[in-house]
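After this come two complexes, each holding chain A, first together with chain B and then together with chain C.
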Partner chain A sequence: MNAPILHAVAIEKVFAGRRGGAAVQALKGVSAVLHAGETLGLVGESGSGKTTLARILIGIEQPTAGEVRFRGRPVRSRAEWRAVRREVQYVFQDPFTALCPTMPIGAALAEPLAIHRLCPPAERPGQVERMLGLVGLDPGMARRLPSQLSGGQRQRVNLARALMLEPKVLICDEIVSGLDVSVQAQVLALLVELQRKLGLSLIFISHDLRVIRYMSDRVQVMLLGETVEEGSAAEVFDAPRHSYTRALLAAIPDRNRAPA
Partner chain B sequence: MTAAASPARRAAPGLLVRLEIGAGLAAGLVLLAAIVLAAVAAPLLAPADPNAPNLMAVRRPPSAEAWFGTDAVGRDLFSRVLHGARVSLLVAGAGMVGSLGLGTLMGLLRAFGPEPLRPVVDRMIDIQLAFPYVLLAIAVTSAVRPSTPVLIVLMVLAGWAGAARVVRAIALRERENDYVKAAEVIGASRLRIAVRHVFPSVWPALLVLAAMQMAAMIVFEATLSFLGMGVQPPTPSWGGIMLDGRQFMTSAWWLTLLPGLAIMVTSLSLVLVGDGLEARAERLRMREAGA
Partner chain C sequence: MSGPLVRAEGLTVAFPGRDGPRPAVDGVSLVLERGQSLVIAGESGSGKSLLCRTLLGIQPETAAVSGRLEWKGRSLIGLTEAEWRPLRGGSIAMVFQDPTAALNPLLTVGRQIMDAVRAHRRCSGAEARARAIEVLGLAGLPEPERRLASYPFELSGGMRQRVAIALALSAGPELIIADEATTNLDVSIQAQIVNLLIRLRRELGLALIFVTHDLDLAAEVGGELMVIYAGQPVETGEVRQVLADPCHPYTRGLLRSAPTLRSTRAEPLRPIPGQAPRLGTVGAGAPFRDRCSVVVEGLCALRRPGWTEAGPGHRVACHRFARDGRAGLP
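Let's look at the complex of A and B:
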């Protein structure tokens, strides 16, 4: 197989305990590999370290040990992270807090273009409109504030903003877990369609195995800061090797429904 | 009550209702506007030269020809109070703008500036807040002759730390939100995050603080003038007029009471504006949450 585009190498992360409390080891030497064009599903229960790993992969958190490599090169300094974020973007879990409450949608979407000076100011509204269309939102949304949007609309805006820089890699952290089931399906379908159109590599994080199965080429199962199993989606779902994976699979609501 | 009021609101939402301007805020704004207007137009409105003595008519009580009476050297008190408003409003207004500007800068610097500067800013705020500002004023005015610019600098020194503390608290709270991290992820600099993303959240609190600080500064300026550390005579200022009238407090009440009333009404109007803005921000939040 070709070289990984994004590579987390033996990441450890310890959060200092609050006020004399015990330190928490969130990640215990986890590695993750993302190849160009594929979707990696990260699955595990709350507290398994999925989100911490994702935040380290985009540089919002710094690992205690280990390193992140982008196209084979380690990323360490602020300047290096800045460069990487031209090509790797992150969609936050909570659509209600990830958008600046005082900034209209159009301005929020135009901001990445302005920061990276990607196109002349006069062309930005057109770009914003195009992107709103791409994620299935009305161009009139550009004038609205986040508080005037529903959760699903906001998550589309978040997605649109991450895509403004035309990234190669998109990290989606539980982006549908806060949404209604019908809206979840729409956002997931949109993501698959965008991946095909734009040639994205995806890291998709969820605790919902049905969503992971729908989205992923490869799956990595995490438990208490460690990887317990990884492999192709078919391997993991059809022939799970680790007992925790089997327990997770057994917990899918309608999987083991007794035949009528 | 709300149910009964809301259909009427929907039927004919007046401008005041649409902008969520309550009665207190409206009253405060009208009063403040009248005072500012009177101060600006003082040379036109004043019936006499505020500094022209008339030894034939000293300490006359308020009457039809001299509304506020005359002072110890026969100057028309109404004209002096009108002109005194110019000094008070200029010093308090410029001091308020300056202190909020400096305070905002320091507060944002504390939350978003370079790591080594943060404890420095914290200690500067602590020291400034711990230092009694009248003592500071005495120290400064004993070194330099008090004048309007000196008074403005004193106002800024007295007010910036309070503003910085408020801005720091809001900025630190907002900094923890995902939208700040999201802005980092799309490549925004810390300066950009502070100015474009976080400052708009600070703004409503800053408006309330502006009114409250200006009210406090009207009183502070009057205090300094009353202690003889304000604008020097014969230029009239409210505190200065009261100082002139202090020795006649028992025999000529109008010399101290009327400028005192001017101070009270002005700071009252500002407090009304401040309280009104705070209540308005709360109602706007509720409306947003309800919408």
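Let's look at the complex of A and C:
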């Protein structure tokens, strides 16, 4: 099998205590492997370390120990990280705080191109329009402000912005958690379609096991900074081995379960 | 005493708009008997929170309330603040989505609950303290006596929501309204809080209005279900019966958009196209018509559908269902 596209190796992360408080060990030797073209689902409750792991994977947080490898090569220097950040993009949970409120959507989408000096300024509006089309938004959206968009539209804009640099890996951190069910389904369907069209590899983080099951090829269950179970989605969901996974599954509301 | 706790008929809550009033809650009728539970399910903008606030008289001041709304046979419309005061908390209490915002960060848990107790009943500090310990225990907080001295920031999100529930219980209400009270909690905590509310309903004989956007959660809570879209109820009935045999195109669309623990990409979710209409723009006609795949030409655009019986206690407001029954559903 090929080297994984993104690989976190034995990551440890300790946050120093604030105001003399005790230090917090957020990650205790966690590894994660993402192969090209697949979706890895990261599940866990608050404090499990899933977001810290994701932040380390794009280099906005430094691990205390362990390393991140991209296409089999360790990423260490600033230059190496800069190169990786073009290929690995992060989509945040709250599409509203992730967008500048006074910047029109078109400018927000063109910004990554400018930062990475990718295409001549004259060609940027065309790129923006193409990307808006790809995520199912009208080209006229480019002139709007974030406040004029619905939650679902904002999350589409967020996805579009992450895709502007044509990344290979997308890390989606709770991106549908704040959305209504019918809109959530639209965004999930879009993500599946984009993954197929663009050959993306996805790390999909959610506390909702129903969404994880739907999206993931493989699943990694985290608890208090450790991985307690990993395997194919079918294995983890149909034959969970760890008691914590079983407890999580039992806590998910299910219309088909017999009433208590 | 006989008669239901809450009765609403044609309850409408409208905001002023340029072209006349814009109803955000539009002709809601409901009956809630003591000790029963009602789940109101809808998406953002459906008016479910505004409906709850109206039951408590805390809707925005610009909102005009019309129709009938009664508590034990007495009208709640046009009450003065002094008339609302004993009802709010004393008879009807609410648990909000965000317990951090619902609790005062500067006061201890004990102080907040004792204040609430004494707002409704003349009693000594010792009696108020005893009641605070009692309700914290009912809400499932371990070592309730020690919790009195805790500040909200010292508690986890789940514990804070338990404190908010204790606060709601403090003056001995007969109805608790939980508005998305478990939405931001971790799944295992969510399950605990839902079980707590179900247990309180059974053990204390409280009536419960549970507001959620999650139909699976609605099934866990049980009781009556009202599916609401753009301020209008579109389907009502016993929760599990409705979910087993959904008869409104919107309810069916919601169920097909929501993944279950068995959903995989082999059977793609089918999202409802488009988005919910903006506040008060539905006008006459069926509220769901712009996103519906089985619109009845010349009818859905013009006339609001009435109720059609779909089974015992199961009613649907849909022109297509009224005309073609289950055969016409998408």
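We take it that the second predicted complex is superposed on the first by the 256 of 260 C-alpha atoms of A that agree within 3 Å, B and C clash if a C-alpha of one lies under 4 Å from a C-alpha of the other, contacts with A are read in each partner's own complex, and residues count from 1 in each chain.
Operating definition for what follows: a residue touches a chain if its C-beta (ideal position, glycine included) is under 8 Å from a C-beta of that chain, and two chains touch if they have at least 3 such contacts.
Please read these numbers as outputs of a predicted model, since none were measured by experiment.
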| field | chain A as common anchor, with chain B and chain C clashing or fitting | value | fit
| Contacts of A:V192 with chain B and chain C, given as first, second, both or neither | second
| task | Identify the partner contact of A:T102: answer first if only chain B is touched, second if only chain C is, both if each is, neither if none is. | result | first
| task | Examine A:R161 and indicate which partner it touches, taking first as chain B and second as chain C; both and neither are also allowed. | result | first
| said: Quick check on the superposed pair: does A:F204 touch chain B, chain C, both, or neither? Answer first, second, both or neither. | reply: neither
| request: Could you say whether A:A251 touches chain B, chain C, both of them, or neither, answering first, second, both or neither? | output: second
| request: Determine how wide the angle is at the CA centre of chain A between the CA centres of chain C and chain B, giving a multiple of 10 degrees. | output: 80
| field | Greater chain A contact set [chain C / chain B] | value | C
| Which partner does A:S147 reach: the first (chain B), the second (chain C), both, or neither? | first
| task | For A:F70, decide between first (touching chain B), second (touching chain C), both and neither. | result | neither
| task | After superposing the two complexes, find the smallest distance in angstrom between C-alpha atoms of chain B and C-alpha atoms of chain C. | result | 7
| message | Considering only the defined contacts, which chain A positions touch chain C in the complex? | response | 45-46, 150-152, 180-186, 188-189, 192, 207-211, 213-215, 233, 237, 247-257, 259-260
| remark: Within their complex, chain C touches chain A through residues 43-44, 157, 186-191, 194-195, 198, 213-220, 222, 240, 243, 253-265, 268-273, 275-276
| field | In the complex with chain B, residue positions of chain A that touch it | value | 58, 60, 82, 85-86, 89-90, 92-94, 97-103, 111-112, 115-116, 147-148, 158, 161-162, 164-165
| request: Please give the residue numbers of chain B that touch chain A in the complex, ascending. | output: 177-179, 181-189, 192, 196-197, 200-201, 288-289, 291
